[in-house]
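Reading through the structure tokens given below for one structure.
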Amino acid sequence: MRFQFSLIAIGLEVTMIILFGVFVEYETDQITGTQSLSTHVNGSLDLYPLFQDIHVMIFAGFGFVMTFLKKYGFSSVGINLLIAALGLQWGTLVQGYLYSNGEKTRVGIRNMINADFSAATVLISFGAVLGKTSPVQMLIMTIIEIAVFAGNEYAVGARLLASDVGASMTIHAFGAYFGLAVAGVLYRPTLRKRHPNEESVYHSDIFAMIGTLFLWIFWPSFNSALADPGVNQHRAMVNTYFSLAACVVSVFAFSSLLEPGNRLNMVHIQNATLAGGVAVGACADMVVHPYFSMLIGSIAGIVSVLGFKYLTPLFTTKLRIHDTCGVHNLHGLPGVIGGLASILAIAVGETDRHSMDRQAAALFTSIATAIGGGLITGLILRIPVWGQPADQDCYDDAVYWKVPQRTEHDYHFQEYGGHSHQEIEI
Amino acid sequence: MRFQFSLIAIGLEVTMIILFGVFVEYETDQITGTQSLSTHVNGSLDLYPLFQDIHVMIFAGFGFVMTFLKKYGFSSVGINLLIAALGLQWGTLVQGYLYSNGEKTRVGIRNMINADFSAATVLISFGAVLGKTSPVQMLIMTIIEIAVFAGNEYAVGARLLASDVGASMTIHAFGAYFGLAVAGVLYRPTLRKRHPNEESVYHSDIFAMIGTLFLWIFWPSFNSALADPGVNQHRAMVNTYFSLAACVVSVFAFSSLLEPGNRLNMVHIQNATLAGGVAVGACADMVVHPYFSMLIGSIAGIVSVLGFKYLTPLFTTKLRIHDTCGVHNLHGLPGVIGGLASILAIAVGETDRHSMDRQAAALFTSIATAIGGGLITGLILRIPVWGQPADQDCYDDAVYWKVPQRTEHDYHFQEYGGHSHQEIEI
Amino acid sequence: MRFQFSLIAIGLEVTMIILFGVFVEYETDQITGTQSLSTHVNGSLDLYPLFQDIHVMIFAGFGFVMTFLKKYGFSSVGINLLIAALGLQWGTLVQGYLYSNGEKTRVGIRNMINADFSAATVLISFGAVLGKTSPVQMLIMTIIEIAVFAGNEYAVGARLLASDVGASMTIHAFGAYFGLAVAGVLYRPTLRKRHPNEESVYHSDIFAMIGTLFLWIFWPSFNSALADPGVNQHRAMVNTYFSLAACVVSVFAFSSLLEPGNRLNMVHIQNATLAGGVAVGACADMVVHPYFSMLIGSIAGIVSVLGFKYLTPLFTTKLRIHDTCGVHNLHGLPGVIGGLASILAIAVGETDRHSMDRQAAALFTSIATAIGGGLITGLILRIPVWGQPADQDCYDDAVYWKVPQRTEHDYHFQEYGGHSHQEIEI
């Protein structure tokens, strides 16, 4: 099936356009009365800077943070773009359907934020299977996962009425456990031994830091965009800012503590420094006090480093789950910590808006739905027709991309007058 | 003329400062009455986040998207900065003059957006001649092109009263055809055969994705910044968002469809994914329905991929126009599609604000003015005194830049304990 | 002391969390009355897009602009993150204490901007000692410098009532002279001869441009965020925008003028192009007219290029101060120019809000405090227990980081079918 990818992608895009034609209108068409329209549009436009921050996170942040693999940069940043672009269209439709009460979906800035969030969920799962799947498999996973995600998000948010403003549970824990379930089903014994391509080179690790930093910088927008405007939104920004700062210092401390020779490890800096943003998400808009956010951030960062050091190897060898980017350490565990922290915050707090039971149910539901959905998705992806890459093709752009023929080395060697090899080697 | 570049640059900057001293004041000085001043300033400050998004596109987006050439990264990102910095000053003056009715130009955030737009036009043309011109030639082209651009934009916007909120015609089509005309006049038969430097290496293609992604992410701001505040602005954001998403999926599908071995091609991903933003520009603020935006985006993306695959080689060999970055495929054709789409949208729409005739006239005027201006500019640039690089110096930073003497290879080889060449080669 | 770094970092973070628990509350808790709370929160949220722009500058801008060294990219972008994350917590506490009149500190978006500014000051000083200090030394410098910075900023802003909206004096000149004083105390005769690692490679210079561009793009936000809302803020944006544009053209002109073969020098483009933002800072919100901003920007850019060309070598050999990134040329001299420009602007202006004496006192106080604080800090950092890297370890990530074992060359050579070495060499 040479044209399988093209035909499926075209088919999906045509379907999206038709469904948008039938079900989607502008938010601004619906409202009558100049006064209320103006108020509404201004409220929507107030969200636009936050939307743009999140948009950077989804497309540049997630895209570059996965470029650490030495031979898989094109796929990391390219397939990330494909998944997110498809996912946001599909997310708009599915979420719109669930919240529309049978009417047309009216899209505005808020829908665009939610659509980007749908895409984020798939991108987290993508991290678990990065380099081991084909583009076709990713298209299929995007469609299935977003449907399940939207259903779970609706159940948790609109039915259980749980509080998860920064989506610790519904995006981060969900995306991680969904991805791990898929990775478990797709496991092959050859993954037990580290693949020679599953490594970074010096500059690929620096490319990944572009992603890390833009995720880190804009995380306060991620956690506050959907909070109630005003005080709650303000509090979500402040809590996330300080949680992330505390997380960074703790991650550096523990990375050096645990590595041989007390060296810092770029894997930790690229990933675990973000755990504070994940973990503070569920209680970001609550009155938890800044010091408590910092405590959550520090604990999440430390747990994340420990996860990369001890859990990920164990997962690969014992649980037979190979997690390429370590999404369990960055999104899974910190997401669970976030859910637990929100329960604790409600337990000690004065708020009666929230309920411990609902939070616990939300955490349990999200993880259970994710694992169930991921297992089924994994089985579907194992159908041989999708063309999963063979073991020797793992983490290699050359399988799906046209790659440059002349090498960087040739270029440097010939052109900029470097010492010849003879000089170096003798 | 060893100091030609320095002396021309200094002369231009001194001229700019003198002209600003004579003709330019703050917008905020002009208005009297506290109430109206406050209203005006707040309206202006509301535009500031959109301005900053566009500012990122001009300086980081355009700068990095051109770094794909293996030996021309310094010039791509550096000369981009020079052109844009000079262009925005000159654009402020020329556009200010045209709209000022003989009074002083009062600069505010809106002028800064327009000035960045002037710069964008030259940067698009820069893509057509990238690597084949000297910095002095670029200074001259910047001055001439922005004067012609501002005149055309004034004719189309203030005289014809055509609608082109995202500047599909006045910036994208104009910049592309201007650049192609210049490239045609500067054509040399040696360009027919692919220059050995006209290639990417693995990491230069990833650098280019930084530019692509920041252009892609912030395009909704580009298309909405100058729309009427409120509903129209809101609609321009929504339409651009969905047009770009649909464009990405279509581009991936057709890139794989057309390439040997069904491989994805980074040139398409870096460029054609943006065509949806260009093409939806002219009708972004109209009530075209989201599905229609997605249709425009998909068609523009597909046409752009086809252009890279079939038209660009034809241009080089038959039309004797060598278009380094393929701006015809990214800005030219999608800009024309944008103009046509706006005519269609008006034809089927209920709006009486717009007129099909005006749109058609705007499209024709923009392209004709661009080609005429480009041909004259090309002839001026061919005057031998500007020092155009010889064929063997094409696409090579070392001609105009101090480049590092030690090579990356030497560094990696010696320092990080790689296997010796002997081991590899035997 | 193998675990020294980890233990100190953990100790500092625990201290921060405890101090936040005792001294810091949300801004939004304090205000009573729905009307005034709503007004206040909205004012605070208006600052959020400016905060995010500055946040990008601190973490991505400063981080990447220092990645130019070929073997020190992990440390540049990593230790930058560590310093800034620690510094913003400590800055919140110290600045909060100084302005709180003995009450608790109430944190909001404005505090977050000020905290990021504290961090920026240390990052500037970090540039002077980059590659020659240990992570532990950086933690200590962060704690001391921010305390001194906050004291000086309070003296200049709240006591002297000087005007320095973009912090030319209190951040840029302060950070630069503090760093130079530290570098002077840490000087070793071996630094006189250029260290073999103190060089860039082709791609590390392009990574650095990511930092340069994001600093350049968002500088108008840096200079306007703390201006009086409305007209003054607006003016600060406009002045900075044009100052930076003029600076770029002048820097390109003088870089080519002074370099052998009239080649452009990436060191100048990466750094001196930003001098216009530094120098216009002190008078950015004053009615200085746009042409005057452009004049300041041009002069600062030219002085900065001259500094890199002539002063930095002189500093290393004669003054025994080795300034790795040339912060004296980017922040020191332009900061002084900014202070002098503000005095001149007041001298010729009509404003009676400002006073020349206060500005002169602010400039003198900032530099004197910085040098004094830097000398003491340098002496503390020389205590041998902190483990300063030996000469042969300078500018080398491998000392403190786990670095990839396989090299980029091996990868390119083997995988992408480059010509074999035999073919090239024979």
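Going in written order, the chains are labelled A, B and C, and every chain counts its residues from 1.
As a working rule, contacts are C-beta pairs under 8 Å (C-beta built on N, C-alpha and C of every residue); 3 or more make two chains touch, one makes a residue touch a chain.
Here the structure is a predicted model, which is why all the values come from computation and not from measurement.
J.: Listed by label, which chains are in contact with chain A and with chain B?
T.: Correct list: C.
J.: Copies chain A and chain C touch; is their interface built from the same residue numbers (over half shared) or different ones?
T.: Different: fewer than half of the residue numbers at the chain A-chain C interface appear in both copies.
J.: Using mean C-alpha positions as chain centres, tell me how far chain A is from chain C in Å, no decimals.
T.: 31
J.: Provide the list of chain A residues touching at least two other chains, using ranges where the numbers run on.
T.: 49, 201-203, 210, 403-409, 412-413, 416, 421
J.: Would you tell me which residues of chain A are touching chain C in their complex?
T.: On the chain A side, the touching residues are 46, 49-50, 53, 70-71, 199-203, 205-206, 209-210, 213-214, 216-218, 220-221, 230-231, 233-235, 237-238, 241-242, 244-250, 252-254, 256-257, 259, 262-266, 269, 273, 287, 289-291, 294-295, 298, 396, 398, 403-410, 412-414, 416, 420-422.
J.: Help me check something: in the complex, which residues belonging to chain B touch chain C?
T.: 2-3, 5-7, 9-10, 12-13, 16-18, 20-21, 24-29, 37-38, 41-42, 44-45, 48-49, 52, 55-56, 59-60, 63-64, 67, 73-74, 77-78, 81-82, 85-86, 88-89, 92, 107-109, 112, 135, 201-203, 207, 210, 400-409, 411-413, 415-419, 421, 424-425
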